[in-house]
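Before anything else, here's the structure in question.
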Amino acid sequence: MAEPLISVRNLNKSFPGVHALKDVHFDLYPGEVHTLVGENGAGKSTLMKVLAGVYQKDSGEILINGKPVEIPNPRAAQRLGISIIHQELNLMNHLTAAQNIFIGREPKKYLGLFLDEKQLNSKTQDLFGLLKMDIDPRVKIGELTIAKQQMTEIVKALSYNAKVLIMDEPTAALNEIEIEELFGIIRHLRSQGVGIIYISHRMDELFRISDRITVMRDGQYIDTLKVSDTNLDHVISLMVGRKIYESAPQIDLAVNRPVVLKVNGLNQGKTLKNVSFEARKGEILGFAGLMGAGRTETARAVFGADPIDSGEILVNGNKVTIRHPSDAVRHGIGYLSEDRKRYGLAVGMDIETNIALASMQSFTGFGGFINIKATRKAGTDMIQKLSIRTPSLSQKAKYLSGGNQQKVVVAKWLIRNCDILFFDEPTRGIDVGAKQEIYKLLNELAEAGKTVIMISSELPEILRMSHRIVVMCEGRVTGELLASEATQEKIMKLATQRESMVKTAQERNQYA
Amino acid sequence: MPEKIIADKAAKDSFSSSSAKQKILAFSSLIILLIVFSFASPNFFQSNNLIAIMLATAVNGVLAIGVTFIIITGGIDLSVGTMMTFTAVMAAQFVANWHMPVMVGVLVAIMTGMVCGFLSGVMVAKLKIPPFIATLGMMMLTKGLSLIIAQSKPIYFTESPTFALIAMGSIFSFIESFKIPNAVLIFFALAIVASIILNKTVFGRYTFAIGSNEEAVRLSGVNTDRWKIGVYAFSGAICGIAGIIIASRLNSAQPALGPGYELDAIAAVVIGGTSLSGGEGTILGTVIGAFIMSVLTNGLRILSVPQEWQIVVTGVIIIFAVYVDMLRRKRSK
Amino acid sequence: MTVLIVAMMLVAVTTVAVAQTVYIPLISKGFQHQFWQAVKEGAMQAAKDYKVTITFEGPESEAMVDKQIDMLSAALAKKPAALGFAALDSKAAIPYLKQAQAAKIPVIAFDSGVDSDIPLTTCATDNIAAAALAADMMAKLIGGEGEVAVIVHDQTSRTGIDRRDGFVNRIKEKYPKIKIVSVQYGGGDHLKSTDLAKAIIQANPNLKGFFGANEGSAIGVLNAVKEMGKIGKITVIGYDSGAQQIAAIRSGEMAGAITQNPVGIGYKTVESAVKALKGEKLPKFTDTGFYFYDKSNIDDPKIKAVLYQ
């Protein structure tokens, strides 16, 4: 049996108030894809950051090729051949792709005083070519799509001649085509003997790409399984202790449910073209499509976050003018954005405040004072209802795990008693257990007569939860499907139905 | 395959022409001002007035060049004005009071600036004090030290006549009608060197990177603290150069001078298109920004616009210039 | 579009201003302070009387020597008929004044003037005589003997040096029984002067009189005397006016002050320039006058005219 690339024994790491890693074990062999799974707060990211030198362990051993090592900082990890691609991309938006990749090791000329841009760009071009990526090294990173940014990060990690590649939620922002490309790269690396640690919540993907799966729960090591020896339900039960799989109950669509929201002919520059749809009371309307299809833009437009060029919005049959989110909220429309850290939360403030944020008026008494008792009760109720994991109400939002942060955002809008709720990628970055809770919540909302419009890039999720599905492609609505007739293939077909029939060489390659 | 090559070339062409277009547009506010004032008064476009404008820009321009680096890293420096004065006072102490050679004075000024900048950098990078506060403290420190060392009165360079030549002499004195003072030449030379450093060296690259996403740079294994300190020290050294220029121009070190100059420097940087949030900026923009301010001031004076109104007009034009620049950048995206 | 309109307006303004009138720019040491605004008023009055055009400008703070030089340079570029100037730092201005001289532009100095032969006259207060008057009044009020102290704004400008010397020398010559225990420099800053004055009072418990040689210094002395509880025990004499000094003199907290004639300074400067252009010979020094004022004469029309708030 070959020697493991990495061996972790009895690793412990604590933060103020939280024992994040408790006596954790972990092994990685060369040429294997080893996936780490666990609910949010299970300790996966923390373990990886210790290996990458971002955090320092409190106790325990780390062995690289059998020899014990210390990893005091990121540079040390790099030297040991460990590269990490973080969930939040670590890129400098104002610099070009090439400059980002070679930051800290730029090729120089003229006595090492000046940068050799030409060399920098050509070396980068070579790297991109090796992995068949179509990215111009001279384009500023901030101008690339998230998918391309991520590919740049991967190239950067690989350029350190990594023997171990850690990927934290790499597919979160990618569409199906891009995910397949990524897997191709991973398989290629695996064949070269590179060891890959893969962290993800997307169970179906894990089973496609992994060799082994390690389950963690609450900072502890639970078990390691060979993929061939297990199945989805078993893994989830190890992670969570439950086997519930929520799905949308069949509602009688034949009954004339009133149309609560009707959007006609929404146009916005080049992003939205004549978008029309309707949502009915008590239904979950899924919005499917590839990245850049215009779903988020549609939601933001209806919500008043972005201006539109033309189009009308009718709420309960009445035409309304929405120029600002406050108008939308007044009409009972709420919006959970996909980037919760930037748009959904005040990360520096505590949970109680965040939950009350959209409904401050209802918590404000005479003279503008905030009714603390009321906010506290509301906050406590929500924490219970949504199982938000936090030591207290006054914990600052930024210290919560991604999934729990999302729950806080949901809580905020639930308090506001909106009737029409746009959920933009509601379960992104959330562990399986929390996902179930959110699905349950969505169903409860629909049953209570609210209208849920769910934007999601996870097809299984859309298929499972929606009563009806609207599909968009490049700013247009390309089709509508009832839950009963929808399949992944049909959705994908509509999602890729582009306006022009002339396909570019790029597309031809993708479908080759 | 051929499509890819064509696409590449198209991208390259639009890339270079749009950046050239941007450079011309940046000039446009300045050119418009020059044209308007030239038509408004025959006294404006005279060689001695143009030289006066350049001379009036030199000190602010030099300070602004240093501050550009700091602002690109996402920081700010409120101490550049008083730091400049402090370096001038130190130079005067050595040259005028202790009778050292002029070169020693120049070196002292630059070293003093570098040390002060270094201290600011340490406060910002190691002690994690926000740049606004750290440099505010440095401003008061250098302001006080200037007054203490100079005993609250100006120190004159009467016994070192060569000192005045640093700024006011002219290498080009053989061209009679176009005697450009050295101060202006130093300013331009510094602008060129600074631009090269900013765009072609590791130091400049890290300046942008740190301003764009400091954490990402740190996680890539770069010692960001050290480089940040370097940026502040570098800017401090440039304050020293400004100190020499102003001391040479006035043939004295004026210890009470300085407060207020930092705002002019920062204004020049911002007008020139550098964003206060960091990650982008150009030296050329800063130079243009500095010139826009001094052309405007001079033009209004030549037109005998009452001083109260000069201030109002300047404020309005600054807002206008920055707004036009924001639109230009939004459109070019 | 807006740029064109602004441009048109500027052209219109200039054409009107420059139309065939004699143009005399005045570059002053400051601009915002009420004293300089009073000087400006006088200058504008003279401009009306003599039918000339003037501009009045000065840097935002009296430390901005280089900005004043920039203003001087721009003024000369307009090829004026004559020039009025109050130097912040004479040495820095010399090259430009030489330029003016070479271009046959008469230079009239005002207020602290310029340390040079180039100006044809200096229109200012005879600060030495004025401070001597303050010394006389101080001696009278404290009975010819005792300890006094002085706060001056600086020791480098003409006004600073003259007022200090005028007071100190007069005391030395004529009042041997009066001892000057301390002369300090507060930069004309109220707070700094207050702190300095307090320290002096603390160190000299028998102090009988205190002279502040400009408005800021005088206010500082007044504050210090008040805060140390010595109102009535120390005779305070100030300089110039301003709302605070005027109020203090009316209430008796301050014994009195020397006022310059800032309006007169402005007026005489423009008048001298006009005279010079006519070819008249001017005296080296044009005294613009000073007065001692206290509670009894503060409302005299003559005094009132030269006080500023």
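Residue numbering begins at 1 within each chain, and the chains themselves are lettered A, B and C in the order written.
The rule we apply is simple: contacts are C-beta pairs under 8 Å (C-beta built on N, C-alpha and C of every residue); 3 or more make two chains touch, one makes a residue touch a chain.
Everything quoted here is computed from the prediction, not taken from an experiment.
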{"item": "Per-chain CA centroid nearest to the all-protein CA mean", "value": "B"}
{"item": "Higher-contact pair (C-beta pairs counted), B-C versus A-B", "value": "B-C"}
{"item": "Mean-CA-position distance for subunit C and subunit A (Å)", "value": "71"}
{"item": "Length of the line joining the C-alpha centres of subunit B and subunit C, rounded to whole Å", "value": "35"}
{"item": "Distance from the mean Cα position of subunit B to that of subunit A, given in whole angstrom", "value": "44"}
{"item": "Of subunit B, residues touching subunit C in the complex", "value": "32, 36-37, 39-41, 43-44, 46, 48-49, 52, 55-56, 59, 152-154, 156, 158, 246, 249-252, 254, 256-260, 297-298, 301-307"}
{"item": "Touch list for subunit C against partner subunit B, complex", "value": "3, 6-7, 10-11, 13-14, 17-18, 23, 25, 31, 53, 55-58, 60-66, 69-71, 73-75, 77-79, 89, 91-92, 154-156, 185, 187"}
{"item": "Contacting residues of subunit A [partner subunit B, same complex]", "value": "54, 73-75, 78, 86, 90-95, 99, 103-104, 106, 108, 113-115, 117, 134, 136, 138, 143, 156, 504-505"}
{"item": "Subunit B to subunit A touching residues, read off their complex", "value": "1, 3-4, 8, 11, 15, 200-202, 205-206, 208-209, 211-213, 215-222, 279-280, 333"}
